[in-house]
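After this come two complexes, each holding subunit A, first together with subunit B and then together with subunit C.
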Partner chain A sequence: MNRLLPLIQNETLKIWKKKRFFVIVLVLLTLIPIFTYAQLRITETNKKNFKDWRNQLVQQISEYQNTLSSDRIPDEWKRSRQIAVQQLQYYLDHDVNPNSPDGVTFTRIFLSNAVTLFFPLLVLALASDLVSGERTSGTIKMLLTRPVRRWKILFSKLVALSLYVSLTVVVSAVLCYLISGALLGYNGWGMPVFTGFFINGSSVESGLVHAIPQWLYLLMEAGLIWVSAMTVALLALMVSVLVRSTAGSIVTMMAAVISGTILSSMASSWHSAKFIFSVNLQLTDYLAGSPPPITGMSLGFSLVILACWGIISLVVSFSVFTRQDILN
Partner chain B sequence: MQYERQEAGQSAHQDVVLFVRNIKKQISGKTIINDITFEVRAGEIFGFLGPNGAGKTTTIRMLVDLIKPSSGEILICGEDIGRHPEAALRHVGCIVENPEAYSYLTGWENLEHFARMQRGIDNARIREVAAIVGLDARIHDKVRTYSLGMRQRLGIAQALLGQPKLLILDEPTNGLDPKGIKELREFVRMLADQGMSLFISSHLLSEIQMMCDRVAIISRGKVLAVGTVDELIHGADNYVVWQFEQPEAGRRLLAGEGDVELVLEHEHRIDESLLAGMKEALITAMNPDRISALVEKAVRAGIGIVSVHSIAPTLEQLFLRMTEGESIE
Partner chain C sequence: MRPLSSENLWRIIGISAVLSTLLLLAGFGFAVKDMLYPKGEVFEGRANVPALPAGGKLSEGKDIAITAIGDSLTKGTGDASGEGYVKQVVALLKQKYPDTSVRLNNNLAVNGLKADRLEQLLETDKGYSFALRQANVIVFTIGGNDLFQIASGTSPVKAAGELNLNKLKAELPKDLKRLAHVLKRLHAINPNVQVVYVGLYNPFYDIPEYRGGSLQIQQWNERAYALLHQYPNMTMVPTFDLFENAIGRYLSSDHFHPNHDGYAQIAARIVQSLE
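What follows is the complex of A and B.
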């Protein structure tokens, strides 16, 4: 371990000096104010139209119910609307505003929306050139001719990557709270949020539903986001080992992630699609009780699938990296 | 404990720092390296010659564990590179192809980075190697701002960090101006005088000739010859170039001598630039000791002599003779 620490220091330093993390912070600093402003406008409009959030919720429920009676709406949509109606009703019955305009709620919603595309994108900015970048610049020849075993080098890269992925999740949440709080208020930590909705076909079983304070919900959400971000990071590391050019490695991973998002919205009848990693990234939906993209998926299922993808990526990365000939 | 083991390994191979035996390499069915064997002794400068595509870089990559040989054995200070790469690479500093460095780091940060990958290199040593290569003034600048020559120095500084017993330089004169090449030559000699072994590859034979104690000549993945520069030159043709005031009479005179062989225009292997401006030069293969006797004979016969050049054989000639008839693929 003593020999590994300096190597981890090297890799951490290189990512830092490449200014990758600054780019991520910059992106966050640009996007969050925009979304916060949008949220602020929505809140203002709602305030104008509805004296009470309860009225707004009632109207939303009745709107959803209207669409349910239409024939032109596909069954998938109907089912998700039915579930949403039942959930909204639950919030209404328990007198809790699910969209309370405050910094913590905004952070919770922003993070859960970011998990399928935004976080993978940030992770790719960190991970895609970890190995392929060293190949492109030729520095891999210096790196691998030092008296250090190859697995140690890849392992130190992996540790540095994990550190930055974790930091990205934390910094996103913190920045989101700080920026949105300035406009929406810094409260909302203790607000109850319902979780534990168990979806059975098109109805919601509320037997297990319980309220948890929003700070706890946020913490659980961040944990799940970390899991899906780490899966993307491990895959990106593998692609970075396998694909020689950094551009190629970014494009490959982006295609995989985006195709998963598209598949989630259209593959409900193609059941084996649920084994694709990118369909399983939206872990936070299980917490909120939204219907999964493909029936039969559950939090446990998705975690197992993501773990499998992660382990396979690690095995491939290490076995290829430690054996491959460096020819270019 | 480790020290003892190392000692034992060394005594088995006397003062051989790099030992390469029968290495072969196939890449996707094609044989790139076909049986290479040589050894580099302590404190010598060993040249590794061959035309482009002969397998120099592939061989060097195998020496430093970037590529695994298909078969054969490579020992560095008695340690097998395939079985104990950590132990073997501890004795090696190398630059494979271009000197690479992280351009977003400063020279100092680059050296620090590589220092962390080995035991027992402190800041004093980093300062020392920066001074050895004469980079101390710019060491805290970003590598992005360095010239090619400075990157080369940084690469050498990096290679010297761990006080290696063997320094491997792949085409070190590439991209250097004549002054830089001269400095490099002096630098290499200085390192060898301190007891370090150097392994230098090149396709520019004249440079190797001026730099190296012993050379291996390779072509198409095979070693053609290994030996000291003098030994290898000994077998090469010795040319003497004559210019007469009356070329025809001169030609007849030389043709009459039994031990002088006239060489036709397209058969000699003298650098064209040496013959530039020498009108109607007669090229002969002969023993240079006979020059004065022949001059006397020509003068007596009334044939005016413009010039006589004895051309020392170069490794170029030698190399061309050894690789004769080989087409470039």
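What follows is the complex of A and C.
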């Protein structure tokens, strides 16, 4: 243990000095204002067209119902629309605005949209060259000639990575709130959000629905995002150990993550796709009660799948890293 | 500013990262607990009932809010510009009353809506009641889908082939009863509003075998008028005459819904009836 802490410190400072975290903050600082502005425009248009958010919501429900009567819409869409209609109706019946224009709501929606693609991307920026980068620059020899067990080196890298993943999630949420709040207002912490929608086919059972304050919802959402981001981080670490070049390891992971988002939008009939990690990344959907990409998936299922992928990649990373020969 | 020493930098990053991790783990714990062992509880929303706008003449009020409900005719199906009669009514009312603000509150029409479903929506849907209570003009169409019994999905042209005039006759009393319920609900929700019901027309007038259907349609219109007549704030505008000789000019290519010009004629009539 006394040797481990300095190693972790070293790895943490290395990531910091490589300015990876600055890149992430910079990306967030560029993207969030853009989305906030888009949201502001939507809010303004809605204010012009609708006297009250209830009018807007009832109009939205009516429009969804109109698309349901069309024959050209695929059944899968219809199902998700039917579910959306019932949830919006629940909000309307209980007089709660699901899209209130404020900083906290914006943060909640931004985070849940970012979980499948944006956060994995940020994590890849941190994780992809963790080992392969040392190889490309040749510093791995320096690292491995020190009188430290190899697993300790990889473990310290893993801990440093986890620390940055946590920081990324928290900093994203904080920046999102601070920036969007400037335009949309800093309130919305206590607003009730409904969770516990149980989806059965195309109908929503609302027996277990309960309201939680939005701050708690946001915290829960961030926790779920952290779990899926950590799974991506573990996989990226494994790929970084296996693939010798940094570019190769980024491309491999990007392909895996992107194929997952494509699959979840089209693979509803291919049931075994639910065992792929990237199809399970959207954990926040379970909280919101949106239908899962493939029927039969649940929070427990997704967590188990993600845990399996995480454990496998840990085992592979450690066994390969401790045994492989370092050649040039 | 002097750069931070490595020691201090590590301390800052380390402590904030560990705190973040703990926070996120707590959030994850809450989420899992909440999702795996959910406890349903009744959420008592505040009941929100908007104040009824004052009744009386539109020209004397400060603003006009229109809520439209009903089937595809109110939706504006068949109008290539997407305006339907509802948006044209808004535009015409703006011309008629330049000093008042005219606004479309909501157009909640759903394609293929039948009278029984509308009755149900008026009965249970809080959003409908909300939007209707804010209005001082309600325009609506209903009954077309009930009478023609067009199964959703079949194109209206094909439906003409399935049209059975005897069945039409048999459906009439049942559907009128539903219309009576709809009117009763409308009156209960908002008694001050001016309600305009758009009468039915026979879209198959130019097909010799179905010309007779017009008589049934006319019967519907007459009985519907009798129902509307019970409420002094409700009225009906006829449309059947538009789609007899000028059927080619006013009907859209699906041979069932009006086109833009057809809706314009309906809109003009609605605006004439409002004061």
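Everything below uses one rule, namely that the second predicted complex is superposed on the first by the 328 of 328 C-alpha atoms of A that agree within 3 Å, B and C clash if a C-alpha of one lies under 4 Å from a C-alpha of the other, contacts with A are read in each partner's own complex, and residues count from 1 in each chain.
As a convention for this text, a residue touches a chain if its C-beta (ideal position, glycine included) is under 8 Å from a C-beta of that chain, and two chains touch if they have at least 3 such contacts.
Since this is a predicted model, take the numbers as computed values, not measurements.
Subunit B versus subunit C on the shared subunit A, clash or fit?
Subunit B/subunit C on subunit A - fit side by side.
Between subunit B (first) and subunit C (second), which does A:322 come into contact with in this model arrangement: first, second, both, or neither?
Neither partner.
Once the structures are superposed on A, label A:299 by its partner contacts, choosing first (subunit B), second (subunit C), both or neither.
A:299 contacts subunit C only, not subunit B.
Taking the C-alpha centre of subunit A as the vertex, compute the angle to the C-alpha centres of subunit B and subunit C, in steps of 10 degrees.
160
Which of the two partners, first being subunit B and second being subunit C, lies in contact with A:137: first, second, both, or neither?
first
Based on the superposed arrangement, let me know which partner A:18 touches: subunit B (first), subunit C (second), both, or neither?
first
Quick check for you: in the superposed arrangement, does A:149 touch first (subunit B), second (subunit C), both or neither?
After superposing on A, A:149 lies in contact with subunit B but is clear of subunit C.
Does subunit C touch more residues of subunit A than subunit B does, or is it the other way round?
Of the two chains, more subunit A residues are contacted by C.
Quick check for you: in the superposed arrangement, does A:9 touch first (subunit B), second (subunit C), both or neither?
After superposition on chain A, A:9 lies in contact with both partners, subunit B and subunit C.
A:259 contacts which: subunit B (first), subunit C (second), both, neither?
A:259 sits against neither subunit B nor subunit C.
Between subunit B and subunit C, what minimal C-alpha to C-alpha distance in angstrom results from the superposition?
9
Could you give the residue numbers on subunit A that contact subunit B in one complex and subunit C in the other?
9, 13
For a test of understanding, state which residues of subunit A touch subunit B in their complex under the given definition.
Residues 6-7, 9-10, 13-14, 17-19, 137-139, 141-149, 323, 325-327.
Using the touch definition up top, name the residues of subunit C that touch subunit A in the complex.
6, 9-10, 13-14, 16-18, 20-21, 23-32, 34-36, 38-41, 43-48, 50, 65, 75, 103, 105-112, 125-128, 130-131, 134, 152-153
Once bound in the complex, which stretches of subunit A touch subunit C?
Interface residues on subunit A, with respect to subunit C: 9, 12-13, 16, 50-52, 54-55, 57-59, 61-62, 65-66, 69-71, 89, 92-96, 162-164, 166-167, 169-170, 192, 194-196, 198, 206-212, 216, 219-224, 226-227, 286-287, 299-300, 303.
Spell out the part of subunit B that touches subunit A in their complex, as residue ranges.
Of all residues in subunit B, those touching subunit A are 27, 61, 64-68, 85-90, 92, 94, 96-98, 100-105, 109, 113-114, 116-118, 158, 162.
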